């Protein structure tokens, strides 16, 4: 039995609060159970050096946990003077995932900076970050349309992410919270588009392995969960949904 | 005239929300106008090497602004790989201020870690951090009493901080918001105790100077503002106030 | 048509040369087409601090490309003073993959250090590193058996890795070389065991997406390729295969 | 009784030796009792990026203690690879203080670099640095006048700094030497101009507090001490005093 | 008696394998006994900032040991985040030595990057690096002639390097292998040109000293050894020897 | 003709001022023409980890130039966050040279820290550092004898260093000042003992070479100069000379 009698294919309680912080062009607080992430999107009117003069835009992401987002206090990476491998992996993943649904040519020579700051962690922080960051990005792009900088929001599809896993008893479950994650034999993060295609599939058996059938089971759970997440995203995005370039 | 017709000796709207994040021993979200800081207090059952075997405790603080706490996105210090001078100055100030009202002998060989993370900035982030961190620290120490680790909360007094300044027209004002701070000729941060004594007085005329009379005017404003802040702190602390070692 | 008329399910030319460098306990030069990686395994008679006093061993990996492993010279990470996110991601992957088939309890309190140094790169360096590192690790563990430190080689299975991808024309192909990798719409790295189970499945559509069917096609290709790799590994391992704890 | 029977309002023995090092545009060795600081001023014919194209100059300061300036050898910050918070705080203070009396518009687009290297420390190194650096800066600016680059030395006033403190017995004293500083309940650094206005007031009660009256007593002592320092500065500056833009 | 009955003035077995790695403009694997170094030369069509607009070229070198080049595994400098003093000393030496025989004016505004990566170490890695790098550089420059970028290879002479030393019994020996180096009282590295002139003479008595006569003996041995090395270099360079600007 | 009509074999004006700074166990200001270096020796009652439990001592050196020791201001290495290759080379040289004349067994398990801080540079800073550091070390060791920690000063000989060079006209000269050093075709630093033996011979032809005869000429000049330096050292050391273990 899962905590709170949650079903194997059931998401935790989801909330996406928009305009959480006042300065960013797009700002969201996403809550997934006890996981809470501030996702801010900033527009910068230039691209990094390796992208210059191509007429295309860029999207880059940074991720961080506050020291007491977790049960035990973590040492601040700014104090250590370097990012951990885990942090780098996650911020590369977030940026790559978002780029898969943005039409960078239509975005033009500007950068979208995504900042995901985890203020409370209870499993699934990277997938919550992607799901929330998508909404923050839409809000920021919507402002560019409001200000007549862009004609439409240059997205090709919706995008959300969720974790799935296999427990030691062989059960596949959706949206692992921390106590489940710590026990799981297999941990998988899936990023999908509104059309039901995959952007990222990252499955890992730490000191364990998984079968082809378990992989298929996890993919099915993920698809179900991500479809649920799209509903929360649409509600948060509101009228901006109509400005999105290609409808879902 | 100040923004929102605020009086020269009037604080902005203050809120101190307790138990903002679930994991820390003490957690507060302090709001001062549009400035919002998460203040978390953690208890660690050991002291840094230079304090060992003295039977005394220690308090240390870390401070950070999220990249989009400000109008323009700031580069993350973890990405740059080092803390700015400003950050180091502020975290040293927070720790030093709090240590002035803690009886380190009664605290015993444990460290209180204070984490102040600014999620939205509009002037006065360092003084809001001190005022909020004091409450988070009381909550964390209160839990040690609840758990029978300590008999009382080992504080000698209340502690709060506020900014004051002199505007180009020579007026002294209390609790500067960002647009005022950017214009001010003199900027001063004051930390005081419940007994009305000073812990820190830091006045700076960047490319400017101030007279003895202006200094006295600013001190009077600060005393008024800090007395107001003590009321908010007491309300947030609630019943734990009765466990504080020496009453105000 | 692929370069050199290679079939879609065909590996490049594979060679695993053992005892390539004289000092390490296990040393291999693995060649996959024009990709060449030196994989060295070292035994250290202690474990990292977080593993101490548990009676278990540990496996950790480091990965590096020589500056002229690539067409354009890369800046040396030692000169930059920090590892790139890509390097950290790869070395975490190698270590995690190898740990999945080692019985850490039987290994005892010692660390296996894996060093993968790419001297020539033409696509697939991370999967070649895993495939070669497995052999180097077996050789190093075999020496521990030869020296009567261990009774058997404490492995639970064979392990190898390969890349698969989807080309812009929708074709799925096995073992991408650099020119293919640069064009591919989807890039996936798979790590499997001798029993045909998955250890890692990492599929990424950079600025692209993939369908459920394409995922299945890629998995099938990977399984075929990895089974071929096991033959090369067994030949390289030679008589040590008989010392492996659990037969395939 | 203070060491050497010094009165509470008495400075230590002061010497300001000019042209101490031959290469800098302005060079001073300032001696305050047993505290000795080399203060060098360099002129650079450009400003930092954030100041460009404003027609204004800039002043920046760096501070360092030699490892054996102190009783116990300190680890060199260049060896540690980063500046301590204390060093950053002090160099920010020195630069800010000097900028308060320089007419940056008249200075033009050039930077004055101030280097304060403490070769022997016995308390009061930051205030000695400011007092000495002012003289080095005047000498460097005087050379610009000698070379017809500037018409006058673009200063608005004299500037000097001193420390004051409160001892455990409640006595306020001027110019603390190390043994006094280590015991003091309150430590305050004051920077003032020739006109008797404040530039910086930084008072700190480390694990202690101070009253309004003690603050006033310390300010009075500081004013007396700084007036004495101006005499030493004028003697060191010599004829260049006549080139200073605005007379004291 | 030396290992393998080697004579005091006898080199170890030497091999210089060209085109070892496919991407670099010049690539060599040099083997000196059990010391093996990959030496790659890359041509970059620009010079570092301090050399710009002088019409001259530049040569710079980087050196590294793989972690298991040695008996005990070394910590990777990229992991530590900084180069050791030893590494910096060696890469400065390699670059300086090669620049002594290149006509930088004729090279034109381009940089030759030399990468020396030691894959197996048994003493003499810095001198093997210089000897091998010279050949890699000739091959890279030869390609510039082949491609009609340069008319001749802009070298003024051949260049090779060897170590010599004094053993505790007072014997001077040529080309120390590791076990000899560890015991030697004096260690000297000599770089010479084809004309028999010195480029570098670096003799060191670590916790020991050496006489004038011992210095002369070592120089004579080095000259003999370096003349032998020129024969191996010429064979490796082949027809490119005829393109070298000034013949030996 | 050399500056100031100096003869080719003539040292610049030398002064060795003892007890320059009050805190270190040994402190010297050495002046060689316009080169001035503060050399401090500190005694630490333990050795670095790699030397522990061997009953032997250690000597380590750090070297630094103040930013305005030179004509153009140098960026401070503490600000850059890393030591340059030049600095590391010099501090390794100083430590190695001093260790050659110290009986580390008799020193016992303690470390001598040598700090050489160049306050004014005009060529020859590394050799002046060695010559001055030797004196500072003798003074520090003498105090250990005064305090009955050691019976004698555990040195085996005197030690001094000087630079020599070959000018473009082929003349060999002693003790190069900056303008000569900048022009010289060959630059050599020699460290010798009181018995006339070599500790270090480091000759470099940057973009140039030198003959066997030029090497011999430079060695002869260096021997003459170093014998002169021993006289200055003996005068500075004074009565402590009688406590040195083995007389010259």
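By written order: A, B, C, D, E and F. Residues from 1 in each chain.
Here is the rule we go by: a contact is a pair of C-beta atoms (placed from the backbone, for glycine too) under 8 Å apart; a residue touches a chain by one contact, two chains touch by 3 or more.
For clarity, every value in this text was computed on a predicted model and none was experimentally measured.
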Contact distance in steps, from chain D to chain F: 1
Shortest path length from chain D to chain E (each step joins two touching chains): 2
Centroid-based (C-alpha) most distant chain relative to chain F: A
Most widely separated chain from chain C, with each centre as the mean of CA atoms: D
Centre-to-centre distance between chain E and chain C (centres being mean Cα positions), rounded to whole Å: 34
Inter-centroid spacing, chain C versus chain B (mean Cα positions, whole Å): 52
Interface hub residues of chain E, defined as touching at least two other chains: 81-83
Order around the closed ring of chains, commencing at chain D, then chain F: D, F, E, C, A, B
Contact set on chain D toward chain F in their complex: 21-24, 27, 34, 36, 38, 40, 42, 44, 62, 64, 66-71, 73, 76-79, 81-83, 87, 113, 115, 117, 119-120
For the chain E and chain F complex, residues of the former touching the latter: 82-83, 85-86, 88-89, 91-92, 96, 99-100, 104, 157, 188, 193, 195-212, 215, 219
